[in-house]
Amino acid sequence: MGFCKAMTRLGLSLGLGLLGVGLLASGDAQAASAAKVQPELAPETIYVETMPDGPRDHWIWVGDVNPMSSVDTRAILFDADKGKMLGMLSTGYWNGGVLLPKSTGNIVSLETYFDKGTRGARHDYAVIYDPHTLMPLHEIPLPPRRMTALIQTRMAGLSDDDHFLAVTNFTPAQSISIVDLEQNRFVEEVNTAGCGQIYPAGPRRFLTLCGDATLRSLVMDDTGHVIRQVDGKVFFDPFGDPVIVHAERQGDDWLFASLNGYIYQVDASSEVTKLREKWSLLDESQRKKGWRVAGYQAMAIQRAQGKLYVLMRKGPEDTYEQPADEVWVYDIASHKRVLTFDLENVAVAISVSQDAKPIVTTAALKTVVPYWTLVGLSVIGVKFEEYDIVKPALDVYDASDGAHLRTVDHVAQFATSLQQP
Amino acid sequence: MGRMDKWIEERSRGLARQTSRRGFLATASTILLGAAAVPLLPVARLQADTKDDGDPTKCDYWRYCAIDGFLCSCCGGSPSSCPPGTVASAVTWVGTCRNPNDGRDYIISYNDCCGRSSCARCACQRDEGDRPLYRTDAANDINWCAGSTADIMYNCSTAVIVGVSTGE
Amino acid sequence: MGFCKAMTRLGLSLGLGLLGVGLLASGDAQAASAAKVQPELAPETIYVETMPDGPRDHWIWVGDVNPMSSVDTRAILFDADKGKMLGMLSTGYWNGGVLLPKSTGNIVSLETYFDKGTRGARHDYAVIYDPHTLMPLHEIPLPPRRMTALIQTRMAGLSDDDHFLAVTNFTPAQSISIVDLEQNRFVEEVNTAGCGQIYPAGPRRFLTLCGDATLRSLVMDDTGHVIRQVDGKVFFDPFGDPVIVHAERQGDDWLFASLNGYIYQVDASSEVTKLREKWSLLDESQRKKGWRVAGYQAMAIQRAQGKLYVLMRKGPEDTYEQPADEVWVYDIASHKRVLTFDLENVAVAISVSQDAKPIVTTAALKTVVPYWTLVGLSVIGVKFEEYDIVKPALDVYDASDGAHLRTVDHVAQFATSLQQP
Amino acid sequence: MGRMDKWIEERSRGLARQTSRRGFLATASTILLGAAAVPLLPVARLQADTKDDGDPTKCDYWRYCAIDGFLCSCCGGSPSSCPPGTVASAVTWVGTCRNPNDGRDYIISYNDCCGRSSCARCACQRDEGDRPLYRTDAANDINWCAGSTADIMYNCSTAVIVGVSTGE
């Protein structure tokens, strides 16, 4: 027991103790001499930071669904180059990231609150935050029916001109709310039975993914009212080879990846959406080995280079949302795989920056003690709880060759989405 | 990869169906029911009581084959009851799990319990036939407290026996 | 990398994988034969549990301040004999446990909410929960000035007849709110400058601990209005030997432990409180070794046996709130130490049951991998974050000999208080 | 206790002053100030700029000798600034820390930053002269966001230089 007790306290202390002793010791040593020669440090006045100016290409918003305390979700902004946290939003119950209108630079957060934390009347808002102060500018009331699920990307979308916001509702009846971001007001809620996730397609059109394997067009007038819904053509087999909902856009096309490793590239240029082409991420031997797209936010596109970055893992079909082990990179035009690289830590979300020297960021899961320790324990049959031994981290890679640049620790309680300013 | 590596690879592959870090919500083929209503499913005539061995506080309990959430059995409830102070979800989804005690396939209804913050104990994810969100009949990751009288405040998940599957 | 990846996934899977494989295998084996002989399991109808009847002597409420997500604190009820969680309350922002009026059996929770989770108007309530359904019976609005600190015991108190509730306020001006629990309404707020924590002393009197080292009497009339405040006599040296705020009551006396290991036993039988006697928990050699009272809720009294249970550790004076390593037990009448025992895991709070076969429960910190693993890592200089490698647990001991009966894992995000029904 | 045990015991004893699992709030002798006001303390005349080595994102940074909370330097702020979207506490408490770079004792003001949920990064507790709650001049564990314009919603803690201590 004495052993256990002391050990625990050591565990509690080790984190910073060693450094601490060292520094203070050296400090005392310098004291006498230093005091004579050096001027004193000037007094300071506390202030509140605002967001630094300059390029934001390598900034990344981490969406934290905090499953152990879903009442307290956050969106947390990091500078991936410096590995530095820049600020955070408290986003209420079960938020899953932010939307980032390029035209204003504002931050749009879909937030849900109850009168008494976990009980009482429910209130949903589209909250608009100032990008410099991170303070709320507008809190736009919405119908309290926003859909909550572990995957939050494509649960809402911005029109191409950032004028309108569309939000998926689920009660479990399905509908979509339209919000005017110039007037900062809710416009209307339209019934979209059988259809949920949202994919922008122009200034006055949203696509919604339907259970019948089509992308339906919701066409709005200039006030944001939906004037018609136009069915698309079936573009995949929802039973034979379902696509995952986190699609990525390139021009007029939306690229959907399927559980069996195909890309269904949808032509969304006209109101009647249709499959442009289906191509494969895998050759037959890879498919036989069980390689497939993995994670919650499994794909990202570097638009200028026309490259598709995909989180990949090996495993049965049902494991398609488990953490990925590798990143496979494709040239979209030629469908050729141009690069693969291992992940420093397994990851559930990926993003790639759009600048000339792009970086890849991943929402990763890192073990709290070295991997080999857990290997050792598992070999001798010691059990530990999965959610006790991993912590979310942000990994940063060079997009050109996959070189691991840095790992940022403790970025969230549980990160499932990444969004770029 | 080195040998150790391969060993681990195989091991974890084999375990993949049992567990996943992935979700905190319930899984498996979905149907809509009133909380008290009778499921619209093929159900064989049933008799009372039989073997139901296994530890309902462990993720490997047979009824949890398609569950994805915190086990109510660790939160003040049981496989067929919600913890005090919560309400059962009005919507439920079902899976088909084999009872190792009698070798039969049972239809299991995974009602969420709602109205308190996350129980945060016994997180359990087992993925059989999980499908993306638009397949609401089989969609994982959806918070099914939606539509409950406590709205979307998710606390934990149950695994209620609906009946024996007459199989398709 | 391949190594790391696979290891992480192993880490993710190990928790339940092994068992899982075993059980399912055996299940399949039995299948064919079993099916013939056994009747089918009957269908079930889901229901909501209510609290089981019968003795509650070994039930314990764990107060979870959840520092990483203080918006989502909880009070969680366990049956210490079965090691089973019975239910939980969501207690809003920075609550720290519950009060338990014996006369009604109700649960009183001091809860704070903001209109929008972390922003907007603040609302404080004394929420009364039904002990059978755990549903709120009354939400009594209070002045939104409740004090929040890491230690939450003695931040509020019940009159001996459970008629009135007193709550400490801090803005940082200090005051006390009085609540009528029969009328379920706020009565009044009284200024108590320089005095904060609350200690009941009769049906119409609360004591409050003041910075001048006295216990002041707040005397109420039958409507809960404070008709006079009466200063007590100085009973300790706040600079030489400060007492910790978590005092324990025995009859008319309140026992305060000091940083130097003395018990200041205060006679609270009359409105003018005074020191009855000062006695020592330590002999000189123990004191020289640095033994002292430890943790947040460092003491508990078994009233029938007149025994004082104290969490103890060795360390400098400043470490008096660090986790304890041992429990030392004293006979209050003779001041003799009658038992000591090691803790299975270091602990920050202790409670002892009041029945004939009492148990001791502690709010403990348990490492997520075996202690010896961390010893090994620390010996070779591997660093890990203190708050990554410990998880709160509830340890249960036989109060008569300190035998460790069981450890209940994952009882909270961070438990700092224990309360008995 | 065995030898390993003793070794650990000594080790952790030695470290005790540096760290503690105990609190999530700030510590040390307390005085009330308007956020912008001048502290009522003996402060020597000061000159501009000098060495301030050390990593403000690490708990062992010299200014943190009496801090207890999440380091704002890890949250979008710095030792002397709050993260964007928060507000500085109107009330502050001060400690006296030795700057190893010039060997001088500085008075440090530990303003909390308030108005967002817990930053939950770089938890740091160092206990010099910590005293119980009724000693508000030296009380640890108090949430000093109380009285800020964002009320008690605690996000992180700073360590602002007030001046050089002329000693008591």
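Going by the order they are written in, the chains are A, B, C and D; count residues from 1 in each one.
To be clear about the criterion, contacts are C-beta pairs under 8 Å (C-beta built on N, C-alpha and C of every residue); 3 or more make two chains touch, one makes a residue touch a chain.
Since this is a predicted model, take the numbers as computed values, not measurements.
With contact taken as defined at the outset, chain A and chain C are each touched by B, D. Of the two chain pairs shown, A-D and C-D, the one joined by more C-beta contacts is A-D.
For the pair chain B and chain C, the distance between mean C-alpha positions equals 33 Å. Annotation: 26 Å between the Cα-based centres of chain A and chain B. The set of chain C residues touching two or more other chains comprises 2-3, 6-7, 9-10, 12-16, 18, 68-72, 90, 93, 117-119, 322-323, 365, 375, 386, 390, 410, 413.
Shown for chain D are the residues that touch two or more other chains, namely 4, 8-9, 16, 19-21, 116-118, 120.
Put simply, chain A touches chain D in their complex at residues 2-3, 6-7, 9-10, 12-24, 26-28, 30-35, 38-51, 72, 74, 77, 85-90, 129, 132-135, 410, 413. Those residues of chain A whose C-beta lies close enough to touch chain B in the complex are 65, 67-71, 93-94, 112, 114, 117-119, 122, 144, 147-151, 170-172, 195-197, 209-211, 238, 242-245, 290, 296, 314-316, 318-323, 348, 365, 375, 386-387, 390. Chain contact summary for the complex, chain D toward chain A: residues 1-2, 4-5, 8-9, 11-12, 14-16, 18-21, 35-36, 43-44, 46-52, 54, 58-60, 62, 74-78, 80-88, 98-104, 106, 109, 111, 113, 116-122, 124, 126, 158, 160-164. Interface residues of chain C, counted against chain A in their complex, comprise 1-16, 18, 66, 68-72, 90, 92-93, 111, 113, 115-119, 123, 125, 136, 139, 322-323, 325-326, 342-346, 365-378, 381-386, 388-391, 409-410, 413.
Residue ranges of chain B in contact with chain A, taken from their complex: 4, 8-9, 13, 16-17, 19-25, 32, 91, 115-118, 120, 123, 127-137, 140-144, 146-147, 150-154.
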